[in-house]
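Note that the chains take the letters A, B and C in the order they are written out, and that residue 1 is the start of every chain.
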Amino acid sequence: MARTNADSLPASITRLPVIGTHMRPNIEAVLAQRPDLVLQMAGRKEASLPVEALRKHGVRVAVFHAATFAELFSVIRRVGVLTGSTAQAEAMVRGLEARLAVIDARISATTGRPKALFEVRSPNMLAAGQSGLVDEIIRRAGGVNCVADAAKFSRLSEEEVIRLAPEAYLIQRGPMNPAPLPLNERPRLRAIPAAVSGKAWFVDEQKYSRPGPRNVDAVEELAALLHPEIKSPAKGRATTKHSKNKDKQ
Amino acid sequence: MIRVTKLHVKYGRREVLHGIDLTIARGELVGLLGPNGSGKTTLIKALAGLLPAASGRIEIGGADLGGLSHRERALKISCVMQRAEAPAGFSVRELVLMGRFAHTGMLSGYGPLDYAAAAAALKDAQAEDLAERQASELSGGEVQRVLLARALAQGRELLLLDEAVSALDMARRVEAYDLLAELNAGGSTVLSALHDLNLAALYCPRLVFLKAGRIALDGPTAEIFTEANLKDLYETDIRVAAHPVTGAPQAHLVPGARAAALG
Amino acid sequence: MTTGARDSRAQGRDLRTKVLWISLICAASLVSGIVACGLGSFPSTPAQTLNALLQALGVRSGQPVDPALSVVVVDIRLARVALAWLTGAALATAGCVFQGVLRNPLADAFTLGVSGGAAFGASVAILTGVGSGLAGGALVDNLGGLSLGGLAGSAGLLPLFALAGALLALGAVLALGRAGGGPSGGMNRETLVLAGIVVSTFLSALISLLKSLDEESVSSIVFWIMGSFQGRGFEHVRLALPYMAVGLGLVLWRARELDLLALGEGQARLLGLNAGRSRLWLLIGASLLSGAAVAVSGVIGFVGLVVPHLLRLVVGAGHRTLLPASALLGGLLLLWSDVLARSILPGGAELPVGVVTALVGGPFFCLLLGKRFRGQA
């Protein structure tokens, strides 16, 4: 077993050998592992090149696409089949589905669907669009993605953000957005409802933007943030003043 | 006006001038002659401050040339070099006005005095008719007239010229040298490097001949412009006869030099 | 006396053409600035826009202005108008100076490696994480107590990194140019351009190296290199203005020297110019201008190339007119490029303004070149 440079979760896999980066894996390093199976996420154009190269060398490569929870669960099941752990995979999916159902039930009891904006990167702002898991995470957590762009990412002007008037503002923090400013330190966005009400939070890029079981954690976390009345353990970090000190540590 | 002592000048490692001693008094009109590659242009460039002296000393008006700032030097010396190009986008008037650069301060631009000096220089160089033309559209001869005008706008105390009239036709050449003689009569010191032996002999009371980086001859035209000297210098048969109007010595080539050389 | 009268008449006519052009561009800039404040995805009527602008100026008119609209019109659009105008002015002036100093019509911040240096500085900032989350207030605070810890941990040092990169690249180019400039110590223009190409090639290789080292930052670096005014505000204007003012002062002060340099080193020196020193100061001024521009906006091409070329056809090559005219027209051009960049795509999405200038400037520049060559033939 091996991992790419960027994979660090769960912590137990950091001891595994690295085969290069996710955009340009080192084919030689992959072959040196003599793998029975290579898993590759679809999406980026660059991703298909190493797949071709590995297939040419007789390596079995399974390419997955997970832009919805349904696709994510089917991926988990198929990986289960491919790795001979069908039952474990099935159990995992069942568990995840059950947790989503709980959230669904709680959310359907609430009223109000706040307009949310998910910031992928800033400055040169990129926001999550309609296609992709983030959009579904927001929807399942009882919000509405206010970015109407059908693509996965949308490059928005600040003016457009003000026009969209998001009531909740999510800033992902991680490799894509290494050091974003909290919303209350962005003077030009001071007038948007999320800034006025203080409904702005940093969230973990690994949890929201990487397909995996942790996306369900994301739904739980976001649901608690958007609808505090459902009383579920919230792990999000607020960017408002009273919690800023804790945030910096 | 000019005092050169033991001047050596190098291009890289190659020494081109090997110990030049030359004194030119205020108000002289001197022709600088010599075969190709004898160092005429190098000497003019060194006197104008464009080439540094490897050793030796150049004094201009009593001041060490090396100790002068660019601006101070430009106020003492006006120079017209051969093969100067005129860049696109400037009118002749603008180009001549640039001759006044050294006369202006860093903060003040060109003033009325400068515009007047440029206009006078254009008039004297008979380039008034070109004033509003684009400098890049001029013919070679016109460019040289304009550059002469610029040198006059810059100053008239000491004029250094390097083949400054070679691109002009015969009539313009005579006009230009008439102008130089006129300026000289008005007090300007003129040192002009040129190929044309007869033009030099016609206008310059004193000639300096360079050969292989050394001064070969230096003296009054009447004394040194002789058949024997010219034959020695140019290594070809040359006859000297008096000019039909002025009586100045004029050199005439003799056909058959090639056959004589092949011997 | 008659010649004097004719001289002054000719000069007067010449001057009138130049004054006419400059006042025309000035008026267009002013009108464009106000119009541009009314354009964008946030709906606003001209009356509302004017009202918001007037309120920002302290003029109280009848009805109060919606705070969101006020932020959009003043803090976003007006700030971008100001920054785009300044950046365009700086880039065009710098291009004009580079072309004059190098006597090369294709010289630009790019040819000299200055843009490459700035881009490299910015890439370093992005990679080490000090560059993201730019905030003017935070930046000014940080400048006060700039320590190593502050450097590593603070946000928004990207512009300073870019500026440092620009100046370092220029230093390297000048050193290389000097080393290859021959015994007289002068820099010949071919050597300088070659040195610029060497340095920018080396720097772009370094940028590629940085990108390979950290794939997650690639998109940040790429977007930054394309150039954009997205998310910029008055803090960026404040940041860039001092550098631009100093740079502009420096080159305008020496505008006449640029005329002399255009004649070539020999003639410039004969006319009393210390060509080496003059060139150095002019290049430093132009680097300040382009470094500051690149620092706040990323790499924006073609403005520095197209604007001076176009104006040379209209007002001539005399830099006392050409430099200010380039600044004014460069500002106007980039102002409208930015308006296009932020309003041409539907749904409030933005194009990098560098793409707009390249798309508009590329074909336009080809036309100019064609015209020039036909003119020479």
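The rule is short, and it goes like this: a residue touches a chain if its C-beta (ideal position, glycine included) is under 8 Å from a C-beta of that chain, and two chains touch if they have at least 3 such contacts.
Quick caveat, the model's predicted, so the values are computed rather than measured.
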In terms of CA centroids, furthest away from chain C sits chain B
For which chain is the distance between its Cα centroid and the global protein Cα centroid smallest?
C
Using mean CA coordinates as chain centres, what's the gap between chain A and chain B in Å?
80
Roughly how far is chain B from chain C, centre to centre by C-alpha average, rounded to an integer in Å?
44
Per the centroid of Cα atoms for each chain, what is the distance between chain A and chain C, given in Å?
39
Quick one: which residues in chain A touch 2 or more of the other chains?
none
Residue positions on chain A within touch of chain C in the complex are 6, 21-24, 121-126, 148-149, 154-160, 162-165, 175-181, 185-188, 190-192
Residue ranges of chain C touching chain B (in the complex, touch as defined):
3-4, 7, 10-11, 14, 103, 182-184, 253, 256, 259-260, 262-264, 266-267, 269-274, 312, 316-318, 320
Sites on chain C touched by chain A in the complex:
40-43, 67-68, 71-72, 75-77, 129-130, 132-135, 137-138, 155, 212, 215-220, 223-224, 228, 230-231, 233, 342, 347-350
Taking the complex as given, what residues does chain B use to touch chain C?
11-12, 48-52, 69-71, 73-75, 77, 79, 81, 84-85, 87-91, 93-94, 98-99, 101-102, 104, 106-107, 109-110, 115-116, 119, 123, 128, 131-132, 150, 154
